[in-house]
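Shared between the two complexes below is subunit A, which has subunit B as its partner in the first and subunit C in the second.
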Partner chain A sequence: MLEIKNLTKKYGKKEALVNANIIFNKGIYGLLGPNGAGKSTMMNIIADILKPTSGGVLYDGQNIKQLKSRYRLKIGYLPQKVGYYGDFTAKQTLEYFAVLRGVEKNQMKERIDRMLAMVNLSENVNDKVRTFSGGMKQRLGIAVTMISEPEILIFDEPTVGLDPKERLNFRKLLKQISKERTVILSTHIVSDLNDIADYVLILKEGCVVENKKMDSESLEGLYLQYFGNDTEDICSE
Partner chain B sequence: MFRVEFLRIFGKKKIYIIILIAIICEVLMALPVENDMPEGFNEDIYRYYMDKLKGMYTPEKQEWIMSEYNRLTELTANEEEYERRYRESEINADEYRTLTKEIKSAHNRLITVEYIVNKSNEYGKCGGKPEYFYDIGVENYICNMSIDFIMIIVLIILVAPIYTEEYTCGTVYMIKSSGNGKGKLLLRRIALTLLVAGIVGTVFPIIELITKYMRYDFGNLHADISSISGLQGIKISMTIQTYIIVTIVVRCIYTMVLSVLVIAVAFAVHNDVVIMAIVSLIVAIPYFLDNIIPSSVSFWLIHNGLGAYRFITGIL
Partner chain C sequence: MLSKYEIKKIFGAKLVLVMIIINLLFGVVYSYHDYIIHHNATQTDMTGDKVYQSCLGNYSQEKLDILQNYVAENWEVMEREGDSKDKRIYSKYSDLMAKAINISDVMQYRKTVSDNAGRLIESEKGYYKKLNKKIKKMYSPEVSLKIREGNVGDEITGFFIVTGPVDALSIIFLIVISFYIFLVEHKNGTFELIFSSFAGRGKIYINKVTAAMLMAVMVSILQTISTVLLLPLTGGMNELFDAVQSTALFAKSPYNINILELIIIVTLLRAIGYMVLESIFVFVSLFFKRNIIPMAINLLLGLGLYWIVYYGSGTYVTYSGVGIRRYAFHSIAKFLSPIELIRYAEGYLWSFKAVNIAGYPVTEITVAVCINVFIIFLLGILGYHVYLRRWR
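Moving on, here comes the complex of A and B:
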């Protein structure tokens, strides 16, 4: 179980996150909020990249500050702005991250083949990543995130830059991989959470203003309640 | 992890092209041996006398070269006197022709022989076990060792991306959130950096050495280090070969220390070009102070706070 406790993050005087408290169990958590609401900050803290100003993240009751790499081996993180080593092939990319994510050598080949098949990139195994389209890169990102089969998956704005078809494929893939896992998915696009999220969290100016079980029918209404006309950019995409 | 990091840096074709270009540049830079010899010095004449003197220094050999120098000096000094004698028919045409030939030869040899005399005088005073041999190449190699900027550029090109590529390619967050993406990875990267620096720091001086060896015969590498002009002051007795090995080891260590500087700069700035500029500047400042700034300005700078900096970089 993952828990965010009294989490606050300040950049100078600006508060990006204010006293956030969330408990994550198994299932898909949709983190919804407009740009600048603090979603990426929260994701980066959960992924142990950023240090909080106060409060902390607990994994099975222990602060991740103490767990360090033991915690990071349990997570898979796909950041918003993701890039790859262009000279690497898809296989080399997965091999590189498999090593970094502690995959055993004897499991490596089978795991890489399985992940590539899962994201439908088996035919591109030896293609250089620089030749990949945006959608292929995103699928490769999911494979990288999944390579160590982590307990917790964190996706930060994973559908940005994808066309509607790729976005739909991503949602299908996410549904497929989310079984028996905690998936935290941040987005500013309401439709990304339809049909896949189990829980929805709404972030406004760094505060968690809503934390409830998913109800797709009222999701947009809920969003309008908090952001009013600001939803324009949210629904238009 | 070490292997994948190694592949990340050395799995690119462009790296090998850069290394190849750098090696060609290193060879070209090492080819024209800069001669610190006096004007009029002749390598063939030097080789001729060195072959005659070959072997350990002895006072007899010093006396012999001194007498040769006196003979040549006398010949050139009496040039006008011989001309007068010929004009006044004190010597015939054949004798005068022979003398003219000898004088011309003496003029050609004088500077070179004077150089050998000075060298012999140094040998006589040094207290070591100097040997005469044709030492132009090896002396030039040893006495012209300086900062190898080609090597430094190659080092930065190879080492900086180990730390910066994740920022330029956008993989940094995925790496830092990985189980082994922080401490363990950093240790492997430092090990890789030191390995690369060690190889670069050894290979480039060896390329320079081989190039000069092929251009000039190094002569007797088993001779004592006191045989090299300017190194007679070294108190430890060692062969030239040992001295060269020691300098290569020192340059290798220097390169490894420099790679640590590259790591430090790479942590602060994540751009290869900026790293190249900063490191080159740091390395070049002492050189700049010594060689480019007028000595009065340099003196002023050194005595106004840069002394300590220069001392530290000098040690490095």
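Moving on, here comes the complex of A and C:
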């Protein structure tokens, strides 16, 4: 179980994240909010890239600061806009990240083949990444994120730059890989979360203003409630 | 295993491949240009002269006597006007005699130094006793010196000891390589991907720095290859196995090595210098996400340091086509600066010089290598702390 407790991140005087408290169980968590809401900041802290100003991230009750690399074995993080290495083939890219993500040598070949099949890139195994389209790179990104079969998947704005068809394919793939995992997916596109998110978290100006299970209520309506009007004092103590 | 991918990232960059070609070509052209200026081509064919041929090869007093006798008996040939075959033959004998005398001088020098050291071992105490024991040990062994035609040994070392623009180009190449260690991850958007990985801290850092160090060694080897590629032009490839004392520059060298070993040692010393510079360049790059500012800083540091040490080393004077420099402030530069290892590694091998370290004589070359290796490790450790903390 993943938990963020009293999480705050300040850059000088600017508060990027304010006193966030969330428990993540298994399922897909959609993190919704406009640009600058604090989504990437939260993702980077959960992925142990950024240090919080105060508060912390707990994995099964233990602070990830103490767990260090043992925690990073459990997560797979796909940041926004990854370009990869143009001269590497798909296979070499996965090999590289498989080593980085702690995949055992004797499991590597099987794992790479399986990941490429899962994202429909088996035929492109020896193609250089520079020849890939945006959608193919994103699928490769999923394969990279999944290569160590982590328990927690974190995707930061994964559909940016994809056309509608590729976004739909991505949602299907996400649904497939999210079984028995915690998936945290950030986006500012409401439709990305339709039909796939189990929970929705709405961030506004660094504050978690909504944290609920997805139900029949319109996600668009919920989003408009927070971003259609000016709302003051949204971060309550 | 990760280092091979880091190196692949570097070689995947077209700019790196272009720099390899430029460095190779430039080194070849520059060394050849230097060779052409100083080449002393001998035209007279002496293969039929049995006396002359018998004087070639391993030195002996008998050979020196034969040459001296010939020169003494035929000196009036040089008084004749104009050019003639006899004059040219006389010149060949005269050159060969000069070579033999040089060898005799070298042997005498070594014996004198060794004998003096032996006497001082008896009379001195403490550090100076140890110093002279070391001197005697280094100068006692006999070196096998051969009487050769021409100045091929000097030409070989002249080919190889080219600096200035060749070094500057290598330094620029190292700066380009440093872009592909950490900065490339920010450019590709892969920094967070790597940093959030299981091995994204210590392991990846060590592998990246290792790749950078291997590239620095490669730059040194590339520089050597480019400057010795045209060695066969000298026609004296066999002389690669002659003792370094057979060349003018290294006549007083205490090291029992041949010219080929000299080339290898200088390449290794230069590699250490390049490793220090590359460590500096990579360290600087850790503070930035884009290339422009670290490039400017590294150019200033790399080329600026080189310029300061070059001009601070005093006056440059040429002798027989080989450079001899007088140092104005060499002591600091020699030990603390990687530039000396890059620009003037062979200088450590010319003669015996030692430093008193806690009562023990340690050669300057050992001190310089130890200090520079320490700098590499220090920058590595500091860099790791910056890598962990800079972007958090």
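Definition applied: the second predicted complex is superposed on the first by the 226 of 237 C-alpha atoms of A that agree within 3 Å, B and C clash if a C-alpha of one lies under 4 Å from a C-alpha of the other, contacts with A are read in each partner's own complex, and residues count from 1 in each chain.
One rule holds in what follows: a residue touches a chain if its C-beta (ideal position, glycine included) is under 8 Å from a C-beta of that chain, and two chains touch if they have at least 3 such contacts.
Computed from a prediction, not measured in an experiment: that's the story for all the values here.
In this superposed model built on subunit A, subunit B and subunit C take up the same space, so to speak, and clash. By the document's definition of touching, of the two partners only subunit C reaches A:K51; subunit B does not.
In the superposition on chain A, A:L116 contacts neither subunit B nor subunit C.
With both structures placed on the common chain, the touch criterion links A:L17 to neither subunit B nor subunit C. Of the two partner chains, neither subunit B nor subunit C is touched by A:M42.
With chain A as the common frame, the single stretch of subunit B that clashes into subunit C is 41-49; none of the other options in 41-49, 59-67, 77-85 or 293-301 do. Once the two complexes are overlaid on chain A, the subunit A residues touched by subunit B in the first and by subunit C in the second are 44, 47-49, 69, 72-73, 75, 77-79, 81-88, 92, 95-97, 99-102, 144, 148.
Residue ranges on subunit A touching subunit B, taken from their complex, read 44, 47-49, 68-70, 72-73, 75, 77-79, 81-88, 92, 95-97, 99-102, 141, 144-145, 148, 154.
Those residues of subunit C lying in contact with subunit A across their complex are 1-2, 5, 8-9, 12-13, 187-190, 192-201, 203-204, 391-392.
Subunit B makes touch with subunit A in their complex at residues 1, 4, 7-8, 11-12, 165, 169-171, 173-185. Those residues of subunit A that touch subunit C in the shared complex are 44, 47-51, 69, 72-73, 75, 77-88, 92, 95-97, 99-102, 144, 148.
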